[in-house]
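The structure is given below, and queries will be raised subsequently.
A, B, C and D are the chain letters, set down in written order, and residue numbers restart from 1 in every chain.
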């Protein structure tokens, strides 16, 4: 089934298929060069650091939508168990975790979303298998992300704590991204990672997991079909958001022709590394305080072979 | 049961209990200051980066010893499933992972090892619980590690590919660490993370998982009771090894009085952040090639609430 | 801590400790003799059969109270996968289930409940371990239950569909059990299994899982401290209920001194085999229709080594 | 791809498609009528009972072939935990099991095996899904098996402890089944369940799990293409075996055209209920001792929604 015309027009502009070779599985992660890593390291000023990861436990963002996603569940497999070889003294504990790879703060693999039977770079959707997970574009193929990160604080741009105060389904546009960058004195460069802040994470941190995951009756702010070309034009390596769904909902068009279009165009066509449930709150406060919105970002996905998403524990160093 | 005299003497010298307050749960992670992070960033020269993580799958290091540790097991929970809201096109896949938190490349939490009923800083061993994991010193309390890493290549020091060529149960001493640092032109400083290379990982990468995990009839090289004071004296923030067991086996003393003493003294008494199954092979080749053995190290543990170990995907940037 | 006087008086009367030897781990399952099995088989009249098990899936009785109980979660590990040896044709599917052993229709092991540091027959509570589950009284020690089952329909006795219509926290007494048996023309004999019907399962089958599991603001009908001696006096082999909690709540006494007393006295002192979430609805309709309330009952617990409860798929044959 | 001619000829004779309606999902379980259940109950003589289930734990039959099958793994989710409502006394333990549904003693669902894109009764193989398991022919659709069981002891017929003593890949024929029935004085009737004993379980019970699962270099005895029509002709409700693979291997024909043909014809074409890893050792000893080879068999599969196999804890009552 072909894309609607409006999406097809965008797809034709932003596709990265073939750009890094016909067998490329990592998309914009190719932009993470040594030069880019050095630029990231050069962004360290004070050395203050911020973990952008949520704790992984039963109280994580998963509340049953979509079904079958599971928050982290921990059980002990040994508990203060003596070792037969250490006489009378040493005791150790081990544990086991079961979790959806996208349960908490995560990076989407390029195998996570397909359409029209194809994955990024033309790989068949059937490369994702029951027996082995993603045989192409699994997250274990991704390199660690080491680059300059820039925070584009859209909520702050609009003068609110959370973007849903402006509109529960606010669709972020290219103009918003430009305005945020200008306000912050940031020039986004090729290979940067952009962290887009809506403030939605405040719902989660206030304990309202359902509001965070499901929005205000399924309306939530986020990136939109009007921001896709911007990321291509700025040639960014990655985009991460402080929301559950990444893109806004309901979609911008009244005919819903652009539903979930951001996931489709970013992941499948651009091969853009993206991720969700990133906690940007403390970082945003610090950026507002010192006026610096760029930093070293290191985010190394857990290399789970064949997984379509990866848990990640990102750190920003200012 | 009291420690044997030889260990008690070391314990009295290296204990960090109370050093960062009576309620401290993170031990030497306190050394990871902003200054230390800046020193790490300043160690970036070329921008070349190295992932130090093993892939997480059924072919990981766990082979049944100790029992009940499980390599990562991935199942799909949705596979190219259409979304009810995206007309006819969008398809997404999700997956679920079950794994021991120490299955692959990991950081030990300070709750992982206890003796005499006590954990680091005097917390009771009973703070590790079935219902909630570690109520104190769980890995979610640890900050990301951002510091200068230094590779001490003991195998290279001895002129071998793998330290077991010298002795299958080679016990690394303070003198070895000094010699390696001198050979490499490294001065270890407070807050550094030390990566100790034995070359044992070559067994794993050559496909011999049993040899890697179980050694040569349970003999394997590693750190020893003769290296514990060295790490305290150099006030390092963390020590990571390219082995399964971290410390050498059998223990140095013929009466086995110092069995597993490194785990006991490092984790419980020093509160030293340590970890295993770190893949140092490519990094070591690069260090040997350019003569630089220090770099930016970023290793942010997955913050699994209550876990006694954490999967980590460390990255070195030279 | 000693039992309150009222419970201690009951305990002294109903204890089966030592009755079947000091090393006995199966309690009243000892009553399941060959004679009893023959009596069960002799109760078959029409041959009509009834499964008393709930389906095991995400929509089971577990709704988070108590915490960390998990409904069954199924994932496929192979899906219509071709076999390398069967040329081009054969395809097979396998799957994996994760579930609490007490998630659905189950039998409690005698290791499930302890008090005062002791399990049934004086085994220490510490025989339940992290590393191996229950080292004594695990469900794998239980034999299959093959006996005469009798349905005591307390809801029908009271002329209601569900006993909560009489009182949301109705506490079933010995007199109720006698009255039900008399109404049904049943004489309970040594070795029988008694199925106690409250009708609470109707909430579950009507789709109200929360009402079923949590009651009407934590009030639910069930067996009580006033029925414990009755089961001892009648020397039954097992008692199963169509409720989530087995016993009534809140407890009969205003000072709550008998809270959870049924579990304590049944499991730990009598060694009585009991279980919950048994679906008695269709069976009850059939018994009412033909006036026969006894039948062959076969309930063979899944022998999961060390488990403290066992999934069971019971069948009644009339 | 069409069946080879020899299998197509058998298929045409044994197919039960449409026999119980076009929407039937349970195949020969339709033969389990009330009359059959009564015949089963009437087979009870002494009341002696035998569990035919293996314990479910890490030492079960799964040794990695085929890949991704997992023996039962148990963890505690609460351990002697006090209840907030029971003052100072009551303590309970809960646990969680993860296992392949076919890990131990099990019944194959009719969704377990497909060929040519079709399942039993013509349902599409695609009815087995990642998101919901088997949407048709899941094991939750199966009724409990309550019938007369008959043991056909092929090892005893041949005068050996294990059939592999005759030939490691012994292929059981219709003539063998007839000879065993005649030797035992059994007339197999419509609706009976046949338990076929090879003695292979002795390898497992002697601790040789690899021999049991993998045979003698992948040669193991079992049913064959030469026994398929016999089960159809005798109109049995179910067939269960004391082996890992059910059918013999390598297949009888030198061209391997009948590889895995028993699974294909039994499950997909006959809709025959079958299962593996049934422990017949004690039962066989008892049958040999008293000369009675029939009994009441009750085997109620765990109704795991959508599962393609079901754990079962079968019991024979003589």
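Operating definition for what follows: contacts are C-beta pairs under 8 Å (C-beta built on N, C-alpha and C of every residue); 3 or more make two chains touch, one makes a residue touch a chain.
Here the structure is a predicted model, which is why all the values come from computation and not from measurement.
At the chain B-chain C interface, residue numbers used by both copies make up over half of all numbers present, so the two copies contact each other through mostly the same positions. In terms of C-beta pairs in contact, the better-connected of the chain pairs A-B and A-C is A-B. Averaging C-alpha coordinates per chain places the centre of chain A 47 Å away from that of chain C. If you average the Cα atoms of chain A and of chain B, the two centres end up 27 Å apart.
Under the contact definition stated at the top, the residues of chain C that touch 2 or more other chains are 67-68, 70, 75-79, 96, 98, 130-131. If you sketch which chains touch which, every chain touches every other chain without exception. Chain contact summary for the complex, chain D toward chain B: residues 58, 67-68, 70, 73, 76-79, 81, 98, 130-131. Across the complex, chain C is touched by residues 1, 3, 33-38, 41-42, 44, 46-49, 51, 53-57, 66, 68-70, 72, 74-80, 83, 85-102, 111-116, 125-126, 128-130, 133-134, 140, 143-144, 146, 256-257, 259-260, 263-264, 296, 298, 300-309, 311-315, 317 of chain D.
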